[in-house]
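Take a look at the structure below.
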Amino acid sequence: MIELAPNHKFGLPIATPVLPAAGVFGYGDAYRDLVDYRCLGALVTHPVSLHPRRAAYPPRIAVRGEHLLIHTGHPNPGLSAILRQYRDLWERLGVPVILHVLAGTSAEMAEVMDKLSGETAIQGIELGLDEHTSVEKALALLRSICLNSDLPVIVRVPFVGVSALASPLAEAGADALTLTSPPRGLLPLSEASDDEPLPLMRGRLYGPAVFPLLLQQLSYWIPRLPVPVIACGGITSIADARACLALGAVAVQLDAVVWRHPDLLATIAKELANDSDNATP
Amino acid sequence: MIELAPNHKFGLPIATPVLPAAGVFGYGDAYRDLVDYRCLGALVTHPVSLHPRRAAYPPRIAVRGEHLLIHTGHPNPGLSAILRQYRDLWERLGVPVILHVLAGTSAEMAEVMDKLSGETAIQGIELGLDEHTSVEKALALLRSICLNSDLPVIVRVPFVGVSALASPLAEAGADALTLTSPPRGLLPLSEASDDEPLPLMRGRLYGPAVFPLLLQQLSYWIPRLPVPVIACGGITSIADARACLALGAVAVQLDAVVWRHPDLLATIAKELANDSDNATP
Amino acid sequence: MGFHCPSLVAWNMVSMSKHTTAVFREAHPEPPFWRVRFEMVNPPRPGCFLLADFGAPLREVLFPAALHTEGFDVLVPPGHPVQRLLPGESVDLLGPFGRGFQTEQVERLLLVAEAQLLSPLLPLLEAAPMVTLVLAAPTRALLPPAQRFPPSVELHLITQDGSVGYAGTLETCHNADSPLLEAIPWADRLCASCDPAFYPKLARMVRQQRLNPPPNFAQVLIQVAMPCGVGACEICRVQTVNGERRACTDGPVFDVLDFVF
Amino acid sequence: MGFHCPSLVAWNMVSMSKHTTAVFREAHPEPPFWRVRFEMVNPPRPGCFLLADFGAPLREVLFPAALHTEGFDVLVPPGHPVQRLLPGESVDLLGPFGRGFQTEQVERLLLVAEAQLLSPLLPLLEAAPMVTLVLAAPTRALLPPAQRFPPSVELHLITQDGSVGYAGTLETCHNADSPLLEAIPWADRLCASCDPAFYPKLARMVRQQRLNPPPNFAQVLIQVAMPCGVGACEICRVQTVNGERRACTDGPVFDVLDFVF
């Protein structure tokens, strides 16, 4: 087993170091006919907020070469509806469930944790942060979780915020960090003309070019952080996953590539299990 | 004409808004059989340092899909040798010459400016900064140029440093900013194995996926900066160039795409000239 | 940090039933498209879809344009990546996905389409004893030739410039003499493939002509980006009277009354 | 912010003489490679190169493996993107670039190559009245069949496992009976295509056998990444006794004495 939360009183052990990234895999039933969930170290859910959130206005996706710009607004029916709908499934799933939580304020976060108290279907929290979240706000959200819940907490750190946030969050009690959320990008939706303002789409950037940016961050930050790091961003092959683990990441999250190759989750999990079997004497 | 340095006493007018990025185009003779230099707004030279610099140890380039990771060490024979070899060419070139300068300290920078005094072949300086340059160091380098030279100064801002550096540099007297230097990435050179440490290559990331990251920065920063912004990063088509100008950039720099399509410099310059002719009454 | 996976062997035993392949057979021009034939064991029903991996970062949504016992056809634009396939080569597919058209026990089937979105309705051309197709395009040249359709289909054309058929658009088919308005009372099922912006208007026309249309009387296909196909990405959400729904799992065929706002 | 470009019309009039095209003719297997024929007006001389755009982010370096009056051949590995070209299709090229092999007025030409780097030397097989080729590979199966070479060429094989010819590597060819050491005194020109790490050693062998070899007696080709081909990117720099040089403009063929450190 791999321990995602070695400093936590209960811990968060996972059987394989391969997870889906929040937002690409739904809540646990979407891929039932395509992925054997037993290959997953854990289910990381779609982002969930206290209150329902509606989808962003379209377009929500643009393609640039090998890359995607995505902007959903993180729609979800709100925590209560999600728990009602998925609690039973999660109990039966056979892998730990990590709830990815969005919240604008620490009061909101406290309410979220309140609703989760006594909930046995969830084994961990992944906190999502906005791109330019300040250190103060990030710490306040983390504190609100820790005060109001016993669950281990992973924080997913925004791409541009690693320098500012990673160390303070680790020192303030985050059990693990996911590096990183996708970088934010902007693309024109059609050609520029002199008459009208250029229609633009803002979104998160996904694709293989994110991977070298991720590795750069991992190589600098893993040796400097006292907590486990989960790697996320542009991982599209077993070689990519191996490189992350070689740099010291405890696990990897696959993002948009899952939509194209759902079987990659199991393929990578199997290969890494083989590596690990060969390595242990 | 487009004015790159509207607040400078002499200015730095350019005839077309298309430039090569520092490091992709040599010093002014490399592309003589492939590019009509009159299509360029200016020549931006390969990075030049006071003392000679040697090439980085190979490998210096890696390909990941549509993207390149490059790491040259910015080799160059040093400022005096460059001036000796290219001064006459630059005088005859017919377009302004912007010298891209690297310097580790402000004393070194002062020596560079000293050697440039009275030099009529150069119309502007572009200051290169390292990825994690502090605000203090960046301002010291800029001040060293301004104190020791009359030339207009463009600062090329590192990808991760825009938030910290752009405003202070503009307020401290930079005549224009180039946004941005390429982001730094890291790639494994072969597959990870348990026995040896993973061989890695660190370098600058080039390719079309950098463009949405650039546009995001341009859209946020151009309205907030009191100086002209030159766009650089992953621009690979006329549509990309138009989008940068539509967001308010005064000019674009093309980077590694020039090696594949040197004719793109002229193609984009012509199309933008047509746009501009159609727009002016 | 070693780990063992107790269920390693068992993983392969679960049926991963939605990952499949089709064999490319042949392609021939059918202007302005190419008709491409694939062999496949369980091709999607009309209005359902497959996600095909043609090498792009997103899989491509394929709606069958014709169904055969041994496979299906799709229509693709010229220059499409299928042109690089060799006959006999297989294509990696996910699916079939989605809720398709229901046309069982229908006698009088009314099909409504904009020409460039027609292809998912083509498998329905002989799905009922009587079929009427109302087909709209900006101009005659953008309509497929009439002889492409089975002679049993009653064809009503609408062109914006009046170059053939009724002069106007689907949106302006309010007049009593418009082919769409005339056909709605006749039909016992309507299946449409149009710009979704038209569906609220279509819902009003249906309400106006049928007073209390039964559920699913008018079934409308929504073509949007569907990256995952299984309800995981939330990119395909569409607004309905019952709140947001996913095109991939709740659709892509919806009851038009879902769009009466 | 309008601007006018006074010289707009004039731009097209400058001769952009290094941007060119070649027409793909045909390809056939020549294990372990494919031989690909292009038509082109001024093909590169031996040791010079072209940069071909096959759709990747970097152009590919092409060294001619054979020269014809109307074009040239290259050897590429199986699965190379040229397999997607149709005969008659043209390929976008930059070049020819670089300083090639000089073999004018040579009587006794010695060619030295590792098998997988041989192809740029192939145009020299009949460049002199007497040609000797010393060819090294780890094992016999990695050598091209002897009958591929013109009968006039004297062939000396070296295999690491001794499966054919001299047992050893180019690096271990010190013994007086080694085919390489024997041939150096005989030759009046040596052209090599090997791993650059071998060249300092080769330089010592040449010095040892020839005492004062004339400049350019031994010419060695360096194959490194060359993104721009024109001296603009500084990625192709190699260390020589005279300081750093660019493979693309100062080479890719160098005097082996440049590597006596």
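To keep things simple, chains are lettered A, B, C and D as they appear, and every chain counts its residues starting from 1.
Rule of thumb we're sticking to: a residue touches a chain if its C-beta (ideal position, glycine included) is under 8 Å from a C-beta of that chain, and two chains touch if they have at least 3 such contacts.
Note that the coordinates shown come from a computational prediction; the quantities given were computed from them, not determined experimentally.
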item	value
Touching chain C and also chain D, the following chains	none
Whole-Å gap between the CA centroids of chain A and chain B	35
Distance from chain C to chain B - Cα centre to Cα centre, in angstrom	50
Per-residue overlap in chain D, given as positions that touch at least 2 other chains	none
In chain A, residues with contacts to at least two other chains	65-67, 207, 279
Pairwise touch network: line, ring, star, complete, or other	line
Complete list of chain pairs which touch one another	A-B, A-C, B-D
Touching residues on chain D, where the partner in the complex is chain B	1-8, 10-12, 14-19, 53, 56-59, 94, 224-225, 227-235, 237, 244
Contacting residues of chain B [partner chain A, same complex]	64-67, 69, 160, 163, 183-188, 191-192, 194, 197-198, 200, 202, 205, 207-213, 215-216, 218-219, 239, 242-243, 245-247, 275, 278-279
Of all residues in chain A, those that touch chain C in their complex	1-2, 15-17, 23-26, 29-31, 33-36, 38-39, 46, 54-55, 58-61, 63, 65-68, 70, 72, 74-76, 206-207, 250, 256, 258-263, 266, 269-270, 273, 276-277, 279-280
